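Chain IDs A, B, C, D, E and F follow the sequence of writing; residue 1 opens each chain.
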Amino acid sequence: MPYIKIELTKEGVTRQQKQALIKGVTDLMTNVLNKDPQLTHVVIQEVELDDWGFGGEQVSVLREQGITADKK
Amino acid sequence: MPYIKIELTKEGVTRQQKQALIKGVTDLMTNVLNKDPQLTHVVIQEVELDDWGFGGEQVSVLREQGITADKK
Amino acid sequence: MPYIKIELTKEGVTRQQKQALIKGVTDLMTNVLNKDPQLTHVVIQEVELDDWGFGGEQVSVLREQGITADKK
Amino acid sequence: MPYIKIELTKEGVTRQQKQALIKGVTDLMTNVLNKDPQLTHVVIQEVELDDWGFGGEQVSVLREQGITADKK
Amino acid sequence: MPYIKIELTKEGVTRQQKQALIKGVTDLMTNVLNKDPQLTHVVIQEVELDDWGFGGEQVSVLREQGITADKK
Amino acid sequence: MPYIKIELTKEGVTRQQKQALIKGVTDLMTNVLNKDPQLTHVVIQEVELDDWGFGGEQVSVLREQGITADKK
């Protein structure tokens, strides 16, 4: 407790970025809810672009059209 | 909103079939609940046959016995 | 196989709409992948508006601002 | 994309704490991965203490024994 | 590690049965994989009968027809 | 009904161990809740060590430090 699942499209997330996500989420649980990091589990799940649908379309197709998930 | 996870055994689902699943589920959310496709996310998760259990048995073993998940 | 989870904000989805979602998703698995309906499980999970975040904000707050998830 | 599920034991998490969790996780996705907040969904799932098991025991029983999930 | 989610229809599962499920799953992780119980989390999620679909139908309807999930 | 997801770190779980997990969990549902094995689905999800965080750290780093998930 707590358990956090992060689902992301598989687009080159680096090991350092994964470390930052894990540390950031764990710290957030401590800072907001005072949860013990030794009880906090985080799982990152990368999803192939063919397997994520948005707006009725595969993300792989959206990417072929130049549409990204980056902050505007 | 909404977010739909489709978990399937990994048995040769094609890119076109995945597109049909994503479009079909997204359209269903719109037709039944009037949800905006731009807010609808669909994730397909393919599971290895060794990793799916049914009736206490691995699906890989069931397939070796000729048992499929096809509509009768 | 397959197993489908539909996560929705808790905003008055009726029993009939749930039946339509379950039937629609199950039929989709059969039509696209020829899956046996007797092996297809669908779970609907309604989420309180305070518990769903989008764009860094709680959906309950977005609704207070008149922002809906309806198709434009 | 991304989609983040936060599962927590149901122990009085306030609306403000949920807002802080949603904002914190969404900001983390932007800061680490440059993800657009308008594509980032966060779902908080509170779990009854009888329904969360840790160390082979129900958390409700652990709490009766004075064992908490707080940071030491 | 590991994290186990048990999803069940909401049909009167007692506190003792939940304890048995949690203990049984945790022991299984230790016996089969030698996992430390202090690292094993189990979450039980009860689903309303209207919200679980099987064979294209709501389980609530199946129950009204006398169809149960009991072992034959 | 029921549907059980077992998430594990990807550390050489053998086919036989997966069979034992599937059989053990399915039997548990029958013994405790009298559930029909033909309605019980189990999915095992193995997670890369870089993708599982515990105590704010990646499990891959913990393993490099000689820290395991084995029962003490």
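By our rule, a contact is a pair of C-beta atoms (placed from the backbone, for glycine too) under 8 Å apart; a residue touches a chain by one contact, two chains touch by 3 or more.
Predicted, not measured: the structure shown is a model, and the values here were computed from it.
When the contact pairs of D-E are matched by residue number across B-D, A-E or A-B, over half of them reappear in A-B.
Counting C-beta pairs in contact across A-B and across A-D shows that the higher total falls to A-D. If you average the CA atoms of chain C and of chain D, the two centres end up 21 Å from each other. In terms of their C-alpha centroids, the spacing between chain E and chain F amounts to 15 Å.
Looking at chain C, residues 1, 3, 7, 21, 25, 37, 41, 43, 52, 54 sit in touch with two or more other chains.
Every residue of chain D that touches chain E in the complex is listed here, in rising order: 7, 47, 50-58, 61. Listing the residues of chain B that touch chain C in their complex gives 1-9, 13, 17, 20-21, 24-25, 28-39, 52, 54, 59, 69-72. Remark: chain D residues 15, 18-19, 21-23, 25-27, 37-38, 40-46 touch chain C in the complex.
Chain E meets chain A in the complex at residues 1, 3, 41, 43.
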